[in-house]
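Okay, so chain A shows up in both of these, paired with chain B first and chain C after.
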Partner chain A sequence: MKHFEYLEPGTVDEACGLLKQYAGNARVFAGGSSLTILLKQGFLQPDALINIKKIDELRRIEESGEDLVIGSLVTHHDIEVSEVLARRLPVLCELEHDVANIRVRNMATVGGNIASGEPLTDLPCVFITLDATVRIANTSGGRTLALEEVFVDYYETQLQEDEVLTHVVIPPLPAHSAIDYVRFSSSSVVDKPCIGVAVRMTVDPDGGACREVRVGLGCVAPTPMRARNAEAALEGQPLNDDNLQKAARAAAEECDPMDDLRGSERYKREMVAALVRRLSSRVYDQARGGRS
Partner chain B sequence: MAISERPQSAQDGQRLDYQAKLTGRAAYLADMKMPGVLEGVVLRSPVAHAWIRYVDTSEALKVPGVVAVYTKDDVVQGTGIEPYYGPVFKDQTIVAVDKVRHVGDPVAAVAAETREAAEEAANLIVVEYEDLPPVMDVQDSVKEDATLVHETVRIPEHGFADLAELKPIENTNVCTHFKLRKGDIEQGFAECAHVFEDTFILPTTQHVALEPHGCIAAFQPDGRVNLWSTTQNPFVVRTQLANIFKMPVSKIRIMVPYLGGGYGSKVYPKIEPLTMALAQKAKRPVRILLSREEVFYTVTKHAAFIRMKTGVKADGTFHAREAEVFLDTGAFAEIGPRVAKKSAYTAAGPYKFSHVKIDAKSVYTNKPPAGAFRGFGVSQSAWASESQTDIIAKALGRDPYELRMQNIYDEGDEFVTGEKLWSIGVKGCLEKVAQEMKWGEPMPAPDDPSKVRGRGLAALIKATITPSISCAAIKLNEDGSVNVFTSTVEMGQGSDTAMAAIVADTLGISLDQVSVLGVDTDVVPYDLTTSSSRSTFHMGKALELASLDLCEQLRKFVSEEHGVPFEETRMEGGKVLFRENALDIREVLFNHFGMQGGTLVGRGEVKTSTVDPDTGDKTTSSFWFVGAGGSEVEIDKDTGRLRVLKHATAVDVGRVITPLGCQQQLVGGAITGMGQALFEQMVWDNGILVNPNLVDYVLPALGDMPDEITPIAVEVPHKNGPFGAKGIGETSLIPVAPSIANAVDDAVGVRIKDLPVTAEKIFLGMLDK
Partner chain C sequence: MKKAITMEVNGASCRVEVEPWRTLLDVVREELDLTGAKLGCDIQVCGACTLLVDGKPVSACSVLAVDADGRKVTTVEGLAEGDRLHPLQESFMKFGALQCGYCTSGFLLTAKAMLDENPHPDDEQIKSYMGGSFCRCGCYQEIMQALRSVARS
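This part shows the complex of A and B:
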């Protein structure tokens, strides 16, 4: 591993200032679970690591008005055991039971999960179906982006060299809504996911039509993605075998999976179809049953 | 000798090593501190197959802290080193000399004051390669126009007795071709009502012992060298080092701390020759600790391609078995020829065939060397044989259990080699497993309608290394306690506890009076190897004999001192009894030496041969491993995802020595088998290993395990084992994969013939049906 400066700024502004100073040759360090591997393997050789662990304001999960605000230093384990999330979005707590292992969940952070651009991961897939946005700090005041737009390609995000992702903001779910997520592993339960599928929808209490359908897919494209054709196939109608099948096939077609150790392209498309079908049906029943 | 009663000392006991290991105080090689030690770093080949044009170390030598850089020049330029070595054929060199033969092949090594300096220097070594086409699988490798991995292969003057007939086939990549014949195969098939032909495949896997390989070498002022090494067979490594460095074995001392798992990955020289060479050149102690990635390049399990043809009579009698087993031994023969031989012996499975024709070929490729792996060639042949047994049962409309029981070996049956089989409780194992799995009873339907269940069985027979030697000594101290001198390496298998129990029970003393010393080739008597599940049987027997030797010495003292005929004395409960007297060991020693002090030494040795000394019959194996396994699986029809709900494993252990240790070995082997069955495979892309790490090389986790893994010890004692005990280390692993594949077929009618059994293969199998 190459030698590097190790810095611990006390504020977000200070962190952005340091990042600017190193002009692209510094890396933000949060939990380090992903970055340390890249450093050890020599894929990254930064001049400085900027550990943001002292910035306590990034460590909180809060309700702000109707919104939920999750700080970038919140760990996977924090989410797993959060009382606020258990009440508002239990899907997040549940999915975290199966993420990696407790040692990783204790260290790895929400911010790192997003900013690493790692494609084989769970949270971003759920966040995009929740229409989440992210707050980004930089040396010129900061900006807000839809989470979906943060991701550019494998391990590549919109974050600029002086920017720190500070918060994920999740708007409230409409009434008569439900959301669920399936983390599908094609081998060991502790393996990285082969596919992640998140489905959210609102169901009209009268007539049972699906509204605001979101189908999020993880691990089957360079970035987490929404399956918009699948969403359209369900939008505005009550769920039935026909549109369920259409949505499943649409999702399988619009994703862009790679052949890799966790499955062939053909298998992954088949699994996207199977899981979209299974999950949409479950979420529809939940939304209609009143569980939101 | 009559078989003794069941040993008592460890019946409720714990492992002797549990406190040290649970508290983290057990010292492993990487925990050792040595003053003045240099850190060694290995530069490895980035390409699978290439000529080495030149190696330039000039920039590396300029790095501050660098003491020595070792390259091919040091191997070849008359430094008193024998360049070529290897346990069977001399095809390995300390670092690559003319060619690199796999990604990760050592090309040079640096010794420096710090690891960072050594790494920096290694990165500055310039190597020019001239690429050759790599051969990456056995089917390509055996083609006539395949590029040769080795242009020539040297044969050692004194090889292993059991492998003397095995030679490489010149101008091919076939490293060994072992043939096993019985009867007339063509006539056999002609006499059959049904003939089945299938091809089975297993991928390369790795042992992934918790502790990576490591070695420390320190030359002494008198020219002797001390090594601490992570090895399962220090005496074999010592012999190899003596040959390479042209030193007498007496000048090489190898010490082995607790080993963090072996599974076959730490037999024969691994990093020891390079560490010693670097220490010799640097004139300083050197330590090399491999990273996880380097372990993947150091040794693997043989991938295999197996063609199996079986002829069956109308009534289901197995009659003719033909098999061609291709084992991918990678870039170096290592112990591959013996793996091929053992694979061949059991390619007919634990079943009676009248006609057998087996051809097992160990084949060179440009992959890391494959060597010993728990199961030693048998998990490969059993995958084929036990899968095909179910294919046959299904085609004939027979129950797989009944068909197995119809054809399976029984006491006194003739093995494929013509010898008779004794102490062979495989029928009992299969029976017990079937009972435990509720074979024949309907399975409860899953709650979830998208899921289906199935059950499968598998059985096996395996040989142990024969001939072999185990020598042991026990020191009896003046307080009646003993020190056990054994070269059996405690690597997690629980051998220290088993050995101590055998000694304690034979002497009639308690377990806490026994301490098992560490392994040090200058101190402990010779033992061939801690592998092949041989230690309890061989070393355990040697220690039983050594204990009996002590008993005899004590009785002799009493006999002489008290004028009692020797035959009227006996030893029981740690006391020498004669007439109405009982003298405890301390009293006997005090009386003999005339003061508080003195030592007695008991000696024992076990030497097995390929001829049974009692009957004069041929003996391929000093005892046989037999067992059976059963799996119940549940499959999600929408995804192919499989969950093993239950696994039962029965092993004929001869006699249980330590109940806890026995259960741990049976369950541990089954867990390793689950990984091999479901997840593990090393994957190459254009000669490059894609997954030399534990993110992408998937091991089984607790969450993948069934709720129940039931270990069943079947006891058919062996006349030559201590208390009748046999080895148990490998048996339970072998039936896991075929029992799962058989259960998958039972559940969804999909036959998986290539490991691992993945969700994708099951799903696509259902889809394409």
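This part shows the complex of A and C:
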């Protein structure tokens, strides 16, 4: 590893100030699970690491009014065992059982999961279908972005050199809604996911039409994405074989997967279709049954 | 530039001066002479380097030593109490749950953390928690027997 300074600010403001001072040559250091690998392999050679783990206010999972607020230092394992989330959004706790391994879950943070811009992740795909936003601190007052807008390309995000992602904010689910996620792994379960699909919808209690449909896809494009054509195929109608099929085909077409050791492009598109069909149908039934 | 850090290693306070780019695994092995934990994959996949930091398993190959400042670190050398082996160690011997032993330190520490969280896990819970630890000699059957035996006692 190239030599670097190791700095430990006690507040978010201080962290942003240090980042600004290093003008792009410093990195935020959270769990370090992704950074240490890049440092060891020489892909990154920053002048300084800004360890933000002394900033305790970023560690909390809280209910704020109707919203859920997840601090950027919350780890995968914190989510896995969170009582608040088990009550409000059990889908997040359940998916975490399959993320990486217990060691990575103990170290790696929500902020790092998003800010690394890694393509093979789970949480961002689900957060996007929940219409989550992120709070970002910087040296000029901060900003809020829809989570979907944070991602630019493989390993590339909107975060600027003096910015720290501080919180993920999740609005409440409307009544008569359900959400679910499938993490599909094509090799061993401890491998990174090959495909992630999340579906959320509200079902009209009279008439059964799908409303506010969100289809999130992970790992099958440079960034996590919404399959908007698939959503449109279901929006406003009760679910049937015909629109289910249309939604599945639309998602398979609008994603942009890469051939790699986890599967060929064609295989991944077929799997996206199968998973969107299966999950949409399950989520529809859950929302209609009043369970969410 | 070195930084002074203080850790509680296997119950004893210890102060070392380390460069910020050194890993916890490297420091524990080279500075503290605790060589039970091994370097395997170096990318957090295999578990050979597992140490407990504040009781939780982490891949020490990918933890910076400076990041363990002020924390409690447990290595496999800290499992026994004097001459009395930990029940997990006894059980691994009884069931022959190792061949070369390269993975053993990681398995023992991960299993300890699992049992501290849940003293009586069933087979599925054991597999789910231990799934990220690899044994290249393939002693999984024996390891399961050894863990099951402690989980049921």
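The rule is simple: the second predicted complex is superposed on the first by the 292 of 292 C-alpha atoms of A that agree within 3 Å, B and C clash if a C-alpha of one lies under 4 Å from a C-alpha of the other, contacts with A are read in each partner's own complex, and residues count from 1 in each chain.
We adopt the following convention: a residue touches a chain if its C-beta (ideal position, glycine included) is under 8 Å from a C-beta of that chain, and two chains touch if they have at least 3 such contacts.
Note that the structure is predicted; figures quoted are calculated from it, not measured.
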Problem - First, second, both or neither for A:264, with chain B first and chain C second - result: first
Exercise for the section: Figure out whether A:278 sits in contact with chain B (first) or chain C (second), or with both, or with neither. Expected result: first
Problem - First (chain B), second (chain C), both or neither touched by A:53 - result: second
Handout entry: Partner chain(s) touched by A:143 [first = chain B, second = chain C, both, neither]
Key = neither
Handout entry: First (chain B), second (chain C), both or neither touched by A:100
Key = second
Problem - Partner chain in contact with A:190 - chain B first, chain C second, else both or neither - result: both
Practice task
For A:87, decide between first (touching chain B), second (touching chain C), both and neither.
Solution key: neither
Practice task
Could you list which residues of chain A make contact with chain B in one structure and with chain C in the other?
Solution key: 37, 101, 189-190
Practice task
Under the touch definition given earlier, write down the residues of chain C that touch chain A in their complex.
Solution key: 1, 3, 19-21, 23, 42-45, 47, 50, 56-59, 62-64, 66-67, 110, 113, 128-129, 131-133
Fill in the blank from the handout: chain B residues touching chain A in their complex are 638-639, 641, 678-679, 683, 690-691, 695-696, 698-701, 703-704, 756, 758-760, 763-764, 767
Exercise for the section: Under the touch definition given earlier, write down the residues of chain A that touch chain B in their complex. Expected result: 37, 101, 184, 186-192, 261, 263-264, 266-267, 270-271, 274-275, 277-278
Completion exercise
Contacts from chain A onto chain C in the complex sit at residues 1-6, 32-33, 36-37, 39-40, 49, 51, 53, 77, 97, 100-104, 106-107, 189-190
